[in-house]
Amino acid sequence: MKKYLVEFIGTFVLVMTIGMTVIGTGAGALAPLAIGSALMIMVYAGGHVSGGHYNPAVTLAVWLRGRCSAADVVPYWISQILGALAAASVVLFLKGDAVATPADLKVAPALLAEFIGTFALAYVVLNVATSKNTAGNSNYGLAIGFTVMVMAFALGGVSGGAFNPAVATGITVMHLEKVANLWIYLAGDLAAGALAALTFKFINPEDK
Amino acid sequence: MKKYLVEFIGTFVLVMTIGMTVIGTGAGALAPLAIGSALMIMVYAGGHVSGGHYNPAVTLAVWLRGRCSAADVVPYWISQILGALAAASVVLFLKGDAVATPADLKVAPALLAEFIGTFALAYVVLNVATSKNTAGNSNYGLAIGFTVMVMAFALGGVSGGAFNPAVATGITVMHLEKVANLWIYLAGDLAAGALAALTFKFINPEDK
Amino acid sequence: MKKYLVEFIGTFVLVMTIGMTVIGTGAGALAPLAIGSALMIMVYAGGHVSGGHYNPAVTLAVWLRGRCSAADVVPYWISQILGALAAASVVLFLKGDAVATPADLKVAPALLAEFIGTFALAYVVLNVATSKNTAGNSNYGLAIGFTVMVMAFALGGVSGGAFNPAVATGITVMHLEKVANLWIYLAGDLAAGALAALTFKFINPEDK
Amino acid sequence: MKKYLVEFIGTFVLVMTIGMTVIGTGAGALAPLAIGSALMIMVYAGGHVSGGHYNPAVTLAVWLRGRCSAADVVPYWISQILGALAAASVVLFLKGDAVATPADLKVAPALLAEFIGTFALAYVVLNVATSKNTAGNSNYGLAIGFTVMVMAFALGGVSGGAFNPAVATGITVMHLEKVANLWIYLAGDLAAGALAALTFKFINPEDK
């Protein structure tokens, strides 16, 4: 139960930061710094309890890599999505006046962007937070959080920059994305998480 | 005595940075980066002496969690508020020409924003700086300082973004907030610190 | 083989971030933060497998310092250049509409800027990632990635700020630099990598 | 000799970054991020050889605290000033067209700003890089470098934000400050370094 609460709190903080910095008068060009840092602080705070995923695609990747029990996968996903929905409610209350306009996405570029960004994120997570070679480091949160910052700067204009199905759900509820595009995030992000797990196993053959 | 001096210095640096970067020609959109980093550097510098709270709500949370002696709580609070007042005096001297206009706050959104931001801050502090599981890490200052940066980007436009009763006192003296709104910070921030301590105990039951 | 894949992935992420944040509506003035952080995250993710060079000049420096086998040098260079070319293809696809205008360079200032920036980068890499005195630290990725950020802010306007022959190849394919100027990067960057290795040996005489 | 070379290189990189990001079309509002990070990377790269001072006021503070031999003080100062002069020459060459206008300073506010900023810097250096309690941490460079970033954001508009007599020399040669104001930096910065050493001894009485 405590792991699920930690996943709920972390995803809440991440999605609330996205909504508050992107809608209306938010953080402007600096929003990716705020968003990536929101993930960083929650990874540092909750990683020792739940692993600090806050992202169904990361949970999938960590499970495939063998560092998340099968029984935890669905409860993690539910906690993450509930955290995103709670955050969306808070954002809609606090940003009452501001109206978000859903971005227009082109399917192929958006799928590619989500795939690349989520692959990078899960690849970094597995290597800095689950590898025997890097155990005990103090940089895992910085590396993970700033991967989202980098990918939001690089690819946010193409796909909206979710790299996370729970975030995609939250920003759809906040009217930043269209319901009709939600499948792009689910398909692109989960496929990327799975490929990242395979890649990790290939480059770390001795690390079971 | 040395602990109180460290709390005074750290709160002074934090509140001086707020005043100098927010009033008049300051750091503009980058002010949250400067402010969060000010907290980070003081946590790294003074944490080994006083714990590096610089915030009455954090002192409350650390005391409830059992890592601050009851005899230290009030002297910490006094040191923090004196540091904030000293910083406000320096800012008023250095920014003599610039006039700060107190923000207009709506009570419910401001209370909610202060509560969320301070909860996140105290939750991060307790997990990265007082948990047995994360002992010895080098990221505690980065995580704590950047929590204030994230929350200032996300919620600063709603509540002014103090997340700290000593900061609230300092920015009121600098005319950035109205005296009539000071209770919002005291109530919201201290309640959030208390809830963060309860949350920490729930998710770390074995960590006494 | 796994080391070469890691070098390919890291250089891909670095060069893709450069193209996506610099061409058209990218990250504007914040591009150096995104680019330096892209290197940082890949160093943290892949350093334990390949050393995390992502840069032929760094591979040269690490080989001269004695921490990269001679048999790996050419395969590393090929992996890095292939990663850069793959990234350029993705950027050209995603930025289809935007047209990059090659920068006009003055030879002497550009050579000097590339030399200084790449010297700083290789000097930092050797000291934070291959020195016995700093072994086991958690800051190597931050130091290495932010060296590129600093040098891009300081010298990007003079030379385009590659500090990396693979990056130079990638940005030439993306039309950000002219083919006729490619030699500036090859000559300036490789010479700087070699001097950094000599400097490291001079200041760390006991570290073989 | 190797220690002096490291001090020369680090101060060169710091002062070159200042000149290139502040004069003409530099890094604009982001200059403090570049400058603080320049110090950070050089502290991480050279700290294990020379201590990574790059600042006569820091050398004074570290000597008073007992972690720098008396015989090294003057050679360190000379290396730092030579590094600053070399950087100023490079900046004047690369920024040939751009003209820097010396800032107009008011003596009392500038002295106070330099004193506060340099006190914070030396206080952080002594606590994160010379204290027994924090030995072995990986955050010393981040804390030290970002102190300069914070103080440049907060106080740069008042004093020019040198916090370092070698930097003050360099920016005077680059025409960013007037020769007649150089004494402000010497007096304010060295006095602050001395007070920081006394403060460190008071709050760490058992740490000889």
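Each chain gets a letter, A, B, C and D, in the order it is written, and its residues are counted from 1.
Just so we're on the same page, a residue touches a chain if its C-beta (ideal position, glycine included) is under 8 Å from a C-beta of that chain, and two chains touch if they have at least 3 such contacts.
Because the structure is predicted, anything quoted here is derived from the model rather than measured.
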Same-residue or different-residue interface between chain B and chain D, half as cut-off: different
Chain of greatest Cα-centre distance to chain A: D
Cα-centroid distance, chain A relative to chain D, in whole angstrom: 39
Centre-to-centre distance between chain B and chain A (centres being mean Cα positions), rounded to whole Å: 27
Chain B, residues touching no fewer than two other chains: 29-30, 33, 138-139, 142
Complex interface listing, chain A residues touching chain C: 29-30, 32-33, 109, 112-113, 116, 120, 123-124, 127-128, 131, 133-134, 137-140, 142-143, 146-147, 149-150, 153-155, 157-158, 199, 202-205
Chain D to chain C touching residues, read off their complex: 2, 5-6, 9, 13, 16-17, 20-21, 25-31, 33-34, 37-38, 40-41, 44-46, 48-49, 90, 93-94, 138-139, 141-142
